[in-house]
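The structure under discussion is supplied below as structure tokens; questions concerning it will follow.
Chain nomenclature is as follows: A, B, C and D, assigned in order of appearance, with residue numbering initiated at 1 for each chain independently.
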Amino acid sequence: MDTDDLGAWIREFARLVAQNKEKLTDLDSAIGDGDHGANMDRGMTAVVAALDAEPPDSPSALFKKVGMTLISKVGGASGPLYGTAFLRMAASADTTVDTAGFAKVLRAGLDGVVARGKAELGDKTMVDALAPAVDALDAAVAAGASQKEALRAAADAAGQGREATIPLVARKGRASYLGERSAGHADPGATSTTLLLIAAATALGDED
Amino acid sequence: MKKLINDPANVIADALHGLALAHPELRVDHENRIVVRGDAPVQGKVGLVSGGGSGHEPLHAGFVGRGMLDAACAGEVFTSPVPDQMVAATKAVDGGAGVLHIVKNYTGDVMNFELAAEMVAAESGTEVASVIIDDDVAVQDSLYTAGRRGVGATVLVEKIAGAAAEEGRSLGEVADVARKVNAYARSMGLALTSCTVPAAGKPTFDLPDDQMEVGIGIHGEPGRRRVPVAPANEIAEMLVSPILSDLDFTGGDGVIAFVNGMGATPLIELYIMYNEVSQLLAKAGIPVARSLVGPYITSLDMAGCSVTLLKADDEILRLWDAPVNTPALRRGV
Amino acid sequence: MKKLINDPANVIADALHGLALAHPELRVDHENRIVVRGDAPVQGKVGLVSGGGSGHEPLHAGFVGRGMLDAACAGEVFTSPVPDQMVAATKAVDGGAGVLHIVKNYTGDVMNFELAAEMVAAESGTEVASVIIDDDVAVQDSLYTAGRRGVGATVLVEKIAGAAAEEGRSLGEVADVARKVNAYARSMGLALTSCTVPAAGKPTFDLPDDQMEVGIGIHGEPGRRRVPVAPANEIAEMLVSPILSDLDFTGGDGVIAFVNGMGATPLIELYIMYNEVSQLLAKAGIPVARSLVGPYITSLDMAGCSVTLLKADDEILRLWDAPVNTPALRRGV
Amino acid sequence: MDTDDLGAWIREFARLVAQNKEKLTDLDSAIGDGDHGANMDRGMTAVVAALDAEPPDSPSALFKKVGMTLISKVGGASGPLYGTAFLRMAASADTTVDTAGFAKVLRAGLDGVVARGKAELGDKTMVDALAPAVDALDAAVAAGASQKEALRAAADAAGQGREATIPLVARKGRASYLGERSAGHADPGATSTTLLLIAAATALGDED
């Protein structure tokens, strides 16, 4: 995967976010403050504009631009979390990235989210989608899966992680204020993270 | 949705223009969406920066001025501002004695202010300290959760720490005063109606005509429980008693009692609530040393109120009484 | 009806108790339902008395204090107080220089204040003068009708005449200042929702979700016309242009521009309105000399706003800027 | 008519006001501020209490007590108007009052209302009920009608005057703020005044 491939991933993510903006907001209305769709869409629209204005020349530069733009434009909880994730990904990305390299990059992103937000698995946050996705990616690479298979496995794992947030009582983020009333709803951030992994499977899944 | 707005996308920009026109004594940076004291940076004075999502007016911009904040950052409605805004505000108020960030305890606010502090540290020699406000007893506190929300105490911290800064105290001392106020303050809120976020266009939650939400925050989050509508004296009880069970307010120099309106509740109702709150405090043997009644930390067009009690001591009362000159709070100047 | 109240019959009594507790610097006579400056009567100073139906808080009691009113009489919700209250207030603030009654132009208020003045004249040597406030351009004026309503200008008259009285001017002079302010001021209001009178328990008028009332007063009276909801810039136009066609505001020293909230409209929307009003004034070549933005003369829990413009001169601006120390308006002290 | 008879009239008026409180308020909601029923009922309840506490010993003392109590308790427009009417009635009442004397007393009341409120016939106020009632009473007395017939004629004239306010555009009181929108509703004050005249016909109409 080169810079353009990874750029296509980011653009696909932006497209999915825009398409699911209302869904993300509705999820956030149920257990948060109803802005996750608007936040992510504002951020990803700015990211695409920034990439258009000045196309980056390396995966690292790409991720850095994504991270900085999200930090500068999103605010809320998701801005620093996604922003930190991409900045960490920038730091760990090589000039070209194979499937194993992509797994490494994604794990760096996960570490960034955890470092910034201090959420654990089961706290009902985006970590609940990202962590299983990264694990599934590692496992698929270890098992010698194709890039397509590996990214599909990661997207599936993210989706399952997201589903698994539904019964949980939130311990982090705004949803935690609701206590027991937070159970019964999927976490919005886990949902947008699932879109990130679906975007990877779509945009990067066709080549090897 | 019925609101006095233009395009929902321009609510913050339009309101900041209105604020700038109504308060030429403040400096408004429309690019960064920060509101700064006209005479900032005040040399030798600790600078106070706060901010958060918009929709809580007059908080925070209405508290910028002598004796209170040096700058406020305005985020999107109910969304934490971004670090760039906080960095710009920090630079604008750095008078050489360091800058205190007053941060309401929401994951987004905390992380964005954290990033801002890291950026300031990387770029400049400005010393930055932070205090986190988490006074909402509606939220169960625990090491493993996001912790309590910052609500009404924010207003009291901004006033009292602002007065301490104005006295020329050091960054560490001002931060300590702010932390003491936060430690001594507890709040609890109640909604009669939901608010409507302009971009959403519909109420955040549905609340039947005969129900109210107890233990709400200031972002249209649903509360902890829903109960039938009740008279003011019972509402006061629902708000005051969890506060009193959370902290011992007896002894000391009494309390600062703050009855806050959520945005759509008229003053006449707040005075009725204040009367009930006072009666309950009298019954509990807690003297009221000072009071504040009005809409100071709101949740857009939500109807309802919150009660904040701050256990006072000499220092707190002296700083509370100190002159302040801001759009929303003014006395002694 | 969702309100922070106890028995609707006790709304005024409860609120006055809350006000008294929150403002120990004022004297509240619960029997007569009057609120008096703590240091009244001020010897040698003209006493200012106003009052009217309740439900417009902070008007009038919130404007009692140095530099503004000496006493306020609180009627039932939207019902003029009775002469006995006005007589008691007049006596309480008579410092030997006479007493000015500031009366909003409603038949009830005018007649009750008239009766009170007759009673005072019959009983004592206190000199009483009256000024009638009638600034509402929504109402067609004529010799043969009740004339225009008194609305937003009341706040400006109370502030400016209060400052004149504080300067030690004579009763005639203070009354003249009040009349000048009234003559130079015009207002227009708009409702997004009806208010609900506690005793009635239901909204005074029905307003569909897509309609607003233009030209409303402050008592839940329906307005002059109903129009589809519109953005803030169009609303500003609907309020400002009838004001500008009624009086020539050009020339002179600019205007005092007052954007008032009706009770349930949050500050963020008022700043958006103020921005639009400012733009319109700029377009019309009318400089804004001073401004006031907030809920100062309300109509219970009505959502909406009003705009008041006061053509300023040197004297008006000087008195506007003079110190004032009341619960709802405070500066320079 | 002696003091007791006239007291019975006032008590009957109080009863009718209480009974029609909601109707008066509804009329006032349509073109005013929805408090006329509450205002009049508060006032007349206080009047009855005052008469109970210290029964007056002359028609003049009775009317004075009624007027003072209404002024002290009602507020609004109706308090000073009805209050002034009764004070003027007190000033013009003899020790006992025959039908002609009652007509004189009532005209003094009307003069008081007009002096205080400056309304003319057709302004859509209580004057539109009171003025025709007083005229009808005068006419009946001149025609030698019985007290019963005369008071009935006055009550009928008041009711017709009240009906006649329906199409009018108000020029006085709060209803005037509505302009054209005030047409189509009966005036609340004219309605309560009609009750005052009906009370007279009921309480005073049986003796001569």
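Here is the rule we go by: a residue touches a chain if its C-beta (ideal position, glycine included) is under 8 Å from a C-beta of that chain, and two chains touch if they have at least 3 such contacts.
All figures in this text were calculated on a predicted structure; none of them were measured in a lab.
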item: Shared interface partners, meaning chains that touch chain A and chain C; value: B
item: Distance between chain centroids, defined by C-alpha means - chain A, chain B (Å); value: 32
item: Inter-centroid spacing, chain C versus chain B (mean Cα positions, whole Å); value: 29
item: Rounded Å distance, chain A centre to chain D centre (Cα mean); value: 78
item: Cα-centroid distance, chain B relative to chain D, in whole angstrom; value: 56
item: Sequence positions of chain D contacting 2 or more other chains; value: none
item: Interface hub residues of chain C, defined as touching at least two other chains; value: none
item: Overall pattern in which the protein chains touch one another (line/ring/star/complete/other); value: line
item: In the complex with chain A, residue positions of chain B that touch it; value: 53, 75-84, 106-108, 111-112, 114-115, 138-140, 142, 144-146, 149, 197, 199-200, 204-205, 217, 219-222, 224
item: Touching residues on chain B, where the partner in the complex is chain C; value: 2-7, 11, 14-19, 21-22, 54-55, 57-58, 62, 192-193, 209, 212, 229, 231-233, 235, 263-276, 278, 288, 291, 293, 295, 298, 300-301, 303-305, 325, 330-333
item: Contact footprint of chain B on chain A as seen in their complex; value: 25, 29, 32-35, 38-39, 42, 71-81, 83-84, 116-117, 171-174, 176-179, 181
